């Protein structure tokens, strides 16, 4: 990429956490701001310069017609488009609406649903435009975010593995919670990236990085049942932060 | 003498080496000529690990003349991040080199009979040193035959050299392409089709094959049909390679490590495995 | 010649290793598991703790005694230290038009105390990969040179153990500097000490152990013979390599793939699996670059990637690669089996896949074919 | 300058989430002031229904990536009340410590990266760093220490994974807390107070009805009664007896008022007004040194109060770390039963109220979440109106900036504000 690549950070339906990850890179923030030109990052700067951009980070899922149009524009403006977080890569927690009637939701939440314009589904960016790289996680790992920015600046392939959380768990020498404590863990079907955070706190992974490259949810669900987890709970487990990711969607169809 | 082992005790540390010259071979393929340290030598079929600073390392066969010691030539197809970075470098830039690794084409064992070289696409690169060697010692071989196929005429490597070879009386060159435009007057079709009509004595030939794995599998079958003993057919295999010294595990193909036991293998050693999916 | 010592003697042994500049590693309590960790004295060991591994399950329990080495192998093996999960291979830095490149790791002398015979054998297997090959690995080699091994023979094999059938235990073969046999019997608690190397002889000198009586030696022999008969599992090392080599197209691979999670746990806990990948990282400015080697696994899709796609996209092919490598092609490559019978892959597989059962199933299949 | 002006800020920058501001001036007088929230709704309350009680801390955290700890704390406390459970030490202290981390992180983020650039005339902190590199570096260092606190307790700074109803999944080792660089944070927080006090301060005084928690012994994080300047003093379960929410067309978030229709203010100024005496010694002393009155009515000075609260959070964290003993169970045992529980805690930007009804089966039957920014929407508009009236002499661009700054006084979190609401169907 010639001199300083221009970076834009765009937000769709989300909690802001993934873009905040960039501001949470306290040690690197000023260096990043030196290596790239932060051309459009509304959360951090009033100065918003128009596209095209070399790299566009997209946070959030598509939940309105307006946003569906915005993301198409973002794609036109983007050299490399990177989706960040479970919302952008899988529809996020708000994709739970995809399994219900949004009219009911609107009435539950808002006194005047007619004021609200929203699609009945929350969909990943990939369903609307071509995506060059995906960073998983709810939220993303800031290390992976830095890795992608660094790799793009330096013209190398970002190291973003798609294997299971277990790989990081074992590399770090964390005792497996599933085997050594009987704690159900989604690590075997979840993509690495977090550094096996939950098991390191003796908690089972709950899948916030979404499905790994070859998730065998049927086999893992069978093991969870052996540990005493009922089908209703299994549905909850797969229907959480990456509910609309295909393998988890299927896994939740237990009946 | 090997670069990495000689200059450091660590076989994983690349030796910075300067690019002396570079030129395009086709739209996506180019050659790099490096200045090797004094004493560097290789055998036809061996490869080096080339390191593009900060981007990564890839296995690339030596494609130059084994007799020319002043220059170390590689021919590379730009397909991914590392090879594309290598493509963008210019003379004076420095890359890392480790090697040479792997075994060689059996050019000596082939003496006294016909030498048949079957290449597909970039597969001609690792075979060129073998051909150059054979031509340099032409009297040691009966017929020297090259069967070469690429996707289109634009993908033919070493065009000048090919026409020079075509012009020789002591070498047979048959070229084919998968898809051709109007102007192409040569043959059209996959390279395996050439095997049936190529002039060589199957009983006295040694055949060296390099190309995509499917192409090598079909060549193997075709050569066997033509009557070439399977222990005189040799293939050069490609696998993911990260260490080149047999410790990373990536290049396993059943019982062999391609980097350590290959990349050149006798067809009869691999024949069965080649027929099995996803080995 | 065999000697006898007590817990204080083991403390002196650890002290002597420390005095010789070794960083000492041994089985310690880590939350719910007994696993390798730094040890300054016997108090740091998992004293009085046993482990109860089974397929896909591992629990610890109190023993009601003060055994120092009362648990069988935990998830980690010596591999974690000699072939570390993450190692910097190359540190490169731009310099003028070019760059400089240097090795990234140095070795700390490390002594492993309480290593089970299967794991001692595993070090031997990894030696063949990393130091006996055409080129010596620059991370493993120096670490191995700077290592010492105090083995402990196994008198209490677990349900997942099958070293006896593989020929690696329960009594340690070659490869240790000192070999201990721990005997706890009522009030009695002593260690038979056997010397395996000149360093071992010096260590035994340092701790001032007395010579063992015939009776003590006989006790240990008996305990180890009994242990050999109490293995929870077995593997037919004569038949399995060929059975697997002949089963590459068996439909059984698909059946196993139905259970396998491709989570890679088995390969990562395996004390002989050595597969690794090299990643490139750069400083943001691009001035510095490192090449880092990380444990990888044949269960990971990109492990077999070449331009155009992964060569083993299906989980069945990945499982097949693992099992045939461990129990068949390893012999072709290195002259030994890739399995030492420690049972880790059985214990730490969340899907309870059992290497001995799967191997036996292929064997039966071939026999009936 | 024309007597008719409109200023539309379509996309408010340096706030968390997507908001807009529309003001119209007719015949020289302020006509319309609308703080709009167009961030798409995410329906959290709706999909919490039917989920197990234990999902609440993880799911509600995703409402806001800036203050996930606040959501986890309000939901845990509400659930524990529904089940009649109370947690003891060290869990109670660790929860305060976790909140300290979030306050430090969030306040420093807002003060330096989002708000201070307004006072000094920079588009962003990165622009500001060109002239004030050291200040920005120090701020980032302090922010990082706040995040370190959240990290060690919660596993990560955004959406911590170690919080559960009843306590934690595992307790951090004592050494891990002791090695937090809090001494360094103390120096930085002191400097932060001094720094904010030097900022040029627009001169406005507002008559606010301040609402915050009040605790007899502590500056409030997780516990206390809900108290207002106007005399409200109720328990956590009575929020909806004294406040109402309404849905207006311009916003995807609901607006809150007092029952009498009054506009109120939550956040640092409110907490400070009600709890100044219970600030840590150093924070109280710093407030005095800066000449902060007992009640701060200039909304722009909230930046100073945030700095004082940051110092408080650092000192409080030091106290909590000193008293920490890791030999304890990480969580109390929860026995779910049918019931309703409510809890208000103090998010960095103000009162955050949760109420849950849980069925026999431990699943959520009803959820209500009222975030601070929803409560501040009306007061923000009132402030904008007041500032606008005083600033009509400014040219459009300066006026716009000044109005944005006014909005940012509230550190509004729009992600929070959009996704809530009560299960109340207006059948007109």
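We just call them A, B, C and D in the order they show up, numbering each chain from 1.
By our rule, a contact is a pair of C-beta atoms (placed from the backbone, for glycine too) under 8 Å apart; a residue touches a chain by one contact, two chains touch by 3 or more.
Bear in mind the structure is a predicted one, so any value in this text is a computation, not a measurement.
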item	value
Chain of greatest Cα-centre distance to subunit B	D
Highest-count interface - the chain pair sharing the most C-beta contacts	A-D
Chain nearest the overall C-alpha centroid of the shown protein atoms	A
Between subunit D and subunit C, distance of the C-alpha-averaged centres to the nearest whole Å	51
CA centroid of subunit B to CA centroid of subunit D, Å	65
Euclidean distance of C-alpha centroids - subunit B vs subunit C, Å	39
Inter-chain centre distance, subunit A versus subunit C - centres from mean C-alpha coordinates, in Å	37
Subunit C: positions in contact with at least two other chains	280, 282, 286, 296
Residues within subunit B bordering two or more other chains	54-56, 80
For subunit A, residues that touch 2 or more chains besides their own	154, 156, 202
Chain-chain contacts as defined at top	A-B, A-C, A-D, B-C
Parts of subunit C lying in touch with subunit A, wherever the complex brings them together	30-33, 35, 56-60, 75-76, 80, 85-86, 257-265, 268-269, 279-286, 294-297, 299-302, 315, 347-348, 350-352
Complex interface listing, subunit D residues touching subunit A	11-18, 39-47, 49, 51-52, 55, 58-59, 62-66, 68, 109, 113-114, 117, 123-127, 129, 133, 136-137, 140-141, 143-144, 147, 155-159, 161-162, 168-170, 246-249, 251-252, 254, 401, 404, 413, 415, 419-421, 423-426
Of all residues in subunit B, those that touch subunit A in their complex	54-56, 80-81, 85
Contact set on subunit A toward subunit C in their complex	28, 31-32, 35, 147, 149-151, 153-154, 156, 159, 161-164, 166-167, 170-173, 175-182, 185, 187-189, 202, 212-214, 216, 218-220, 223
In the complex with subunit C, residue positions of subunit B that touch it	5, 8-16, 18, 51, 53-57, 79-80, 92-94, 96, 238-240, 242-243, 245-250, 252, 254-257, 260, 276-279
